[in-house]
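One chain, chain A, links the two complexes that follow: it is found with chain B in the first and with chain C in the second.
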Partner chain A sequence: MDRNYSRDLLKAIQKADRAGANAVVDAWAAGRSFHQVIPELLAPTLETFGKLWAQGSGGVSLATGYVASKVAEDVLSRLLLESASREAPALPAKGPVLVGNVEDDFHPLGRKMVAAFLRAAGWEVHDLGVDIGPEQFVDKAEETGARVIGASAMMFTTAKNVEKLREEIDRRGLRGRLQLAVGGAVFKLRPELVEAFGGDGTAASAAEAPALFERLWQQSLTFEPVSGEVRP
Partner chain B sequence: MNSLERVLAALQGQPSDRPPFLLNLSLYGSQLTGAPVKAHFADPAIFAEGQMAVREVFGPDLLLSPFLVSALGEAFGSRAGGPPEQAPNVRAFAADSASAALRLPLPDVDGHPRLLYLRETIRILSRKYEGEVPVIGLLVSPLDLPPLIIGLEAWLDALLFRPDEARALIDRCTAFFVQLGTAMLQDGATALALTANLANRFMVPAEVVAGISRPALERAFGQIPGPIIVHHGGCPLVPHLADFAGLPQVVGFLVDAGEDLAAARTTLGPGPLLLGNLDGPGLADLTPGQVRVLCERALAAGSRDPQFILATSGADVPLGTPPECLQAITESICLAGGGLR
Partner chain C sequence: MTTDSRPPRCIACSIFRREIESLQASGALDLAVDYLPSMLHMAPDRLDARLTTSLTEAEAQGQKVLIAFGDCCGHMEDFRAKPGIDRTEGINCCEIILGREAYRRLRREGAFFLMPEWALAWRQVFMSQLGLLGSNAKTFMQEMHTRLIYLDTGIQPVPWQALNEASEYLGLPVEVLPVSLDPLLASLREAARSASHHDGQ
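So, the complex of A and B:
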């Protein structure tokens, strides 16, 4: 009987067993092209994991989410190494998109997990780090051509700084064209703050960020391009 | 009855003249006194003055030491800061891994200025309100200290992938926790309230809870010579209460806003206090009328439980919350009987 690798990978992640998860990936890759590991094994498994996380079921905790993001990073590192040796592109790139913690927020874990899940889903991610002011976010978006910013804040006090980012996006006439995804503990506890602070959307967990960014990216494309922009 | 008698009655499951209540107004004291937030979280006399104003204006039955966990990180060498209108938060960690943190000296609970600040507020408040109002010393459990010293990511890394290092750091943090907790009680704190998030299955897998977290809490709490209240710390607590039941010295649980108090009591049985479950940070967005409705609902649910204390859940009540919203809680309590002594 064929082994159900996705189920085994999910089980290893749920047990926070990073080594076990990588062993499942290795077993899957034997006799296959490693370049297919993301679309055929990792992405569908992380999607299932994200649903369990959002439901709060299946023994999923913040720590298992962290392990899932580490497994995604492990796979991406191997993929990049293999691509370098073959001189072939690692992943079909989507994006670019930005992630960062808003001004005065110094809680990087959720943002790093989001970046890992986005990269595993094929997004080109520019991770700006912690304590990022609104001008820095929007300058970088204009410089890179990003259509989605992922802004992370853990607490109510720092989440209020999302409003400043919203104002900066609007001030530069980029509303709609530049979408604002917001996340962090406070938005999960108080989802009404997403709209109140000017976010265009949020995800129930880091693992669901790729679906959110996809939706916001498509939403952005319905707006007029800014002057000088060349659409792909 | 005075506040202390009311809280003791709840602890013993005895009736009282009215339900006791607790407001997390550690930061809000500065709004009442007009003191700059920076001074409020640096000068024990100024902070204590804020709690006295809280007691004077709203009449809660329990008062708090500063809700300032960053001070515990600072004691290990982390750097804290933040905008002038907010309580400081950790901005740079003292070490980048559990193994590096093991090389840090243990803070001197009788000498470190940030720890002396916390302790002196307790001394001032307990002298002022001795025999009248319980003063609660706020702390974090030894499991929640490492995120203030090395950050949550490095701490998860140790807990999940290097359990021996994690256990060694917990042991070290336990020694500090016991020293500081004991000192706070000797300074006059009636009880300690603390988070134990890294023992919550919302944060870590069941295997870590059973293999590391719960045994660590048993060892640490068993050395504390006074009562402990476990705070939900922003995580859902009720679904995981069985993991905390029966821990030494634990006399109560403060659950998150909206959690089912009856389910909590079913899990715990009679004995521990249940505190909650008004959303403290959310009060700023409500009208006094809406707050009154929430209070009445919570009090009605709690009226079937003699060991219930109405309390704000979550983090500190934010500055800018209209005092009328807090007054609405006080009025609801008064309506439930007994007045505000």
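So, the complex of A and C:
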């Protein structure tokens, strides 16, 4: 009977067993092109994991979420190495996009996990770090041509600073063209705050961020380009 | 809410228990205090529910309330906005103890703070609650933080054995930072004064 690699990878992640998860990936890759590991094994497994995470079930803890993001990083690192030797792109290019913790927020875990899952999905991610003011976010978006900002905030007090980022995006006339994804514990507990604070969307778990960014990116493309921008 | 001259009832996180008891014993603070377990910080929805229950009881008795907590659950600011209720100023217990500027500076430097109660309960926090077992503990903490800082409020001896064990397990150096209880006292007094005069927003 064929081995169910996705189930085994999920089990290893749920045990927060990074080495075990990488062993499953290695076993899957034996005799296969490593370039298929993301679409055929990692992405579907992370999708299942993301659903369990969003439901708060299936043994998902901070540690398992962290290990899932590290497994995604491990796979991507290997893929980039192999691509460099083949002089071929590792993944289809997406982005650029930004992620950062809003002003006064110093909780990096969720943001780092989102960045890892986005990169594994092919996005060019600029990670700005913690305590990022609205001007810094929008300056960097204009500099890089990013169409999506992922703003992370853990608590209500800091999540309120998303409103300042919304105001800065609107003040520069970028509403719509520059989409605002928001996430963090308080948005999961109180989803109504996404709209209240001016977010364009959220994901129930970091593993579901790639799908959210894809949707917001497509939404952004329906808006007129800003002056001087060359649409891809 | 009815007006009365009673001091507000204080609902506090147990992370402050020894410090508040010390302030009460010294005569600096005259408040009746009920404590909720600090481990509720790890379950914000349960903290929300416990606070809702406590505040409803206090409201039924026409009592004003001082919440000695950080912004540790989703509705903390909604609670605070109610008439006769206010909260200690600060994002979390560490900011309440340290003050905003010191807290921000040290967090920017990558500090992970341990209050005395959590220093003694570090295994429960990191292993049971966060699930950081084996090599994941070091990898995780070293990626997110640069050092542990024990906030020594001077109430109990520095728990060196627990700190050294936590430092070894988490793979981070530990520092001891003596802190004054003055910011906590000032924050409690200000929130008590504000709750007494707060007629809602």
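We adopt the following convention: the second predicted complex is superposed on the first by the 232 of 232 C-alpha atoms of A that agree within 3 Å, B and C clash if a C-alpha of one lies under 4 Å from a C-alpha of the other, contacts with A are read in each partner's own complex, and residues count from 1 in each chain.
Just so it is clear, contacts are C-beta pairs under 8 Å (C-beta built on N, C-alpha and C of every residue); 3 or more make two chains touch, one makes a residue touch a chain.
These numbers were taken from a predicted model, which means no experiment stands behind them.
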With chain A superposed, do chain B and chain C clash or fit?
clash
With both complexes superposed on chain A, which partner does A:Ala30 reach: first (chain B), second (chain C), both or neither?
neither
Residue overlap on chain A between the chain B interface and the chain C interface 16, 18, 61-64, 66-67, 104, 106, 108-109, 112, 131, 155-157, 185, 189-190
Using the touch definition up top, name the residues of chain A that touch chain B in the complex.
14-16, 18, 59, 61-64, 66-67, 104, 106-109, 112, 131, 155-157, 185, 189-190
Where on chain C is chain A touching in the complex?
44-45, 48, 70-77, 91-92, 104, 107-108, 130-133, 135-136, 139-140, 143-144
Give every residue of chain A touching chain C within the complex, in rising order.
16, 18, 61-64, 66-67, 70, 104, 106, 108-109, 112, 130-131, 155-158, 185-186, 189-190
Please output the residues of chain B touching chain A within their complex, sorted ascending.
82-83, 86, 89-92, 151-153, 156, 159-161, 201-208, 234, 281-282, 314-315, 318
